[in-house]
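Alright, structures below, take your time with them.
Next come two complexes built around chain A: one with chain B, the other with chain C.
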Partner chain A sequence: MTEQQTPDVHSRHFRAVDYGLIALMIVPFLICIVLKVLFTPASEGVHISGALVFLEIPFPVQPLIISESQVNSWGVILSILGLCLYLTHGLTAKAVCRRQLLAEWIVEKCQKLVKDNMGEYFSTWAAFICAILGLSAFSSLSCLVGLFAPTGDVNVTAGWAVLVFFLIMHYKFRGGLWNYFIGLFKPIPVFAPMNLIGEFSTPLSMAFRHYGNVLSGAVISALMASALGGLSKTLLGWLPGILGDIPYLRVGIPAVLSIYFDVFSGCMQAFIFAMLTMLNVAGAVPWDEWRARQEKRKLRSGANVTTGKTA
Partner chain B sequence: MLELAMGIMLGLMGLGAGCAMIAGIGPGIGEGNAVAKACEAIGRQPECKSDVTSTLIMGCAIAETTGLYGLIVAILLIFVAPGIFTNILKEAIKG
Partner chain C sequence: MQYLDVISVNIWNVVISLCNLLLLTWIVKKFLFKRVQKVLAQRREAIDADYAQAQTAREQAEEDRLNYAAAMAAAQQTSDQIIADASRTAEYRSNEIIGEAREKAADIRRQAEEDAKLERKKAEADMRREIADVSAQLTGKLLEREITEKDHRALIDSFLQEIDHDDNE
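On to the complex of A and B.
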């Protein structure tokens, strides 16, 4: 009786590991906020600028720039690591606590999404797709705590898009380099430059779509905040003393915009990025040519085995 | 001379940003068409409302891309380009 109860009791109570992992979730964001506060130059009003540059390391060709977007995305990565470890440590065969149910729900949803969109062959891709989805969504949502969203920097999204581009290329070369090269000249040879541009436009459009959505949301929010500040100064500036300096209209109204631009648009773009990754990678495999190639290879290896036996 | 050149340059950048935002017309019409067709589809088959809605949101977000390219160009022209071109102009006049 007591043996059956012990795991239950342990899972209900918070342990030092739980506190440590929750701290790992929150501390990276706090560090990023402190860094941002330390490095932001003193200025009046709302400013629209790119990521702050924390550090420049001299390198032969070009200085290596450590900017806010890099630091923030590493913070987001650490925070997601903490979340995953918190959800999955001390798993039991019989789900007895809420966090295990949540972890199982996330994994099942991701596997179903990948299986529905990419097919049975790519079912092991759930981990990668879930990682991209989570990283992108959390990066976009990190601007809710006042940080610069790493996805608002084109370098970050372009990095992800280049990664996806290499994956697409890897699966396109499955049918053989020569077949891929021939495929560029279909349906007629005149289309070759168009097809070549089409190959490179996929990662470009993925990078710019994500970056543009997040950046435009940030710019419109900043413009709106500065306009509301000016409006409240003209409307309520007659109040005496310090009461006249407080921008009353800036309280609450920009938050309504933030629900659309930060929360909805950020999550939507993360989902679209993951979705396009899935569709592009799954659609890149030339199945017929790949099967023909495998058959040929099998035949050749079979021939080798038989010749070896005879020799 | 420098002031005149910079004034002309900044004004042209503003005009360019305005022209770039003409790109917003296309996605507007396209998304309007998509929503109209989605409404028709839901009216014909109300039971597949959730599927149509999710596909519609996904398609709208992808159709937005062309408009966003214009917006990015406009934002770059207003907030980024003046600093770069002012430096180039100053150096050209000095040298």
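On to the complex of A and C.
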């Protein structure tokens, strides 16, 4: 690794790599925009629908659909990869770049967040939580450049929620399958169906909350834009010629709404999703049962050792 | 091209999304967290090393200070010893010198006394001779007769012995 010695920040090579990484951050979005422009059919009026389908491949059970949400997700991933590489380019023990401070800030904040909400045991989860935050926030914010926000597609958030569901289950089973099964019938056996539904409702609610918020923001934005256009036409349509056709009210006002629905709501939902992930996973570990099992296992292995010795 | 419905569930898209999150987790872990944590660990190591170095330097300084103080105390003691020795030697020497001087003075005095005694004896003898001469001449003239000097001397000696006898008595 070249990080041992101080990199020459002003060297031509260093700069060239920097520009390449910055391009890696931006180009994916440009490609997504170009794709969207190329594939979008000409349409009139308000159009509220899901993602644009680029490709449909026949697959077992359901056809594999490569839509805008998938392509934009990959664009976001590439962009985040570029950001990570850019931030960590030229790291040194003595921080010489301002970007290093940002990188350290991100890492330390995520670690602190995870430690505060999940405890010391889950401290290695910081990268996962950081990935959720980054992917969700960047996906939601991608609508600022006119792209379809991947988080507005229920399949995307459902995928994340399914992963979280697996993780929750993984930690719940730590207390033993039998203990978990008994736990479903507590406090009284009648509760069993509700407990079972509760297990599945957690990821479902997480997926739909995120998806619904982003999609509703997009819908409201589209409706507002169209309504403002109509209002503009009725109020200022009397202006002569082409002047009357320009939707004046659509200038500026949707941007203000977008600050709330796209920027604020997008970041908020990313944070909420990450928070719920942390709390649900950390809360899923049955510490007492797990410790009891470990004790038992240790005892058994100890017994095995002693019997092996005597034999 | 067509749009998806607002709500349309597709298993493969869910799987793709799940894999996307895993992929991004791997990317963030490998390219951001690992690198930053490595650098932070390096920094911590460097700081620890600095602290250890400062600690050893402080200990060294403290040791040097103690050594210096000990050396200074030893030097003080040595100098005291030297001064004491020197003063003792000086005292001894001065006593010696004074003694010598006293002795020499006594010698000189004794010598002087002896000299003076000798001188007196000589003077006495001279005087005796003078007196003898004078008296011989006087008596010669007085008696108008010549007596041998030998007889005269004997006469005076007897006379002087008488005087001595008188003095001794």
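In this text, the second predicted complex is superposed on the first by the 294 of 311 C-alpha atoms of A that agree within 3 Å, B and C clash if a C-alpha of one lies under 4 Å from a C-alpha of the other, contacts with A are read in each partner's own complex, and residues count from 1 in each chain.
To be clear about the criterion, a contact is a pair of C-beta atoms (placed from the backbone, for glycine too) under 8 Å apart; a residue touches a chain by one contact, two chains touch by 3 or more.
Note that the structure is predicted; figures quoted are calculated from it, not measured.
Contact with neither chain B nor chain C is seen for A:Ser301 once the two complexes are overlaid on the shared chain.
Contact with both chain B and chain C is seen for A:Leu215 once the two complexes are overlaid on the shared chain. In the superposed model, A:Leu91 makes contact with chain C only, not with chain B.
Once chain A of one complex is fitted onto chain A of the other, the partner contacts of A:Ile48 extend to both chain B and chain C. When the two structures are aligned on the shared chain, A:Ser201 is found in touch with neither chain B nor chain C.
Legend: residue contacts after superposition of the two complexes on their common chain; A:Ile272 is shown touching chain B, with no touch to chain C. Measured by the number of chain A residues touched, the leading partner among chain B and chain C is C.
When the shared chain is aligned, chain C comes close enough to touch A:Leu135, but chain B does not.
Contacts of A:Leu64 after superposition on the shared chain: chain C is touched, whereas chain B is not. 48-50, 215 are the residues of chain A that lie in the contact sets of both chain B and chain C, per the superposition on chain A. Interface of chain A with chain C (complex): residues 3, 39-41, 48-54, 59, 61-65, 67, 69-70, 73-74, 77, 80-81, 84-85, 87-88, 91-94, 100, 103-104, 106-107, 126-128, 130-132, 134-135, 150, 153-160, 162-163, 215. Against chain B, in their complex, chain A makes its touches with residues 48-50, 205, 208-209, 211-213, 215-216, 219, 268-269, 271-272, 275.
Those residues of chain C whose C-beta lies close enough to touch chain A in the complex are 1-25, 27-29, 31-33, 35-40, 42-43, 46. Of all residues in chain B, only 57-58, 61-62, 64-65, 68-69, 71-72, 75, 79-80 touch chain A in the complex they form.
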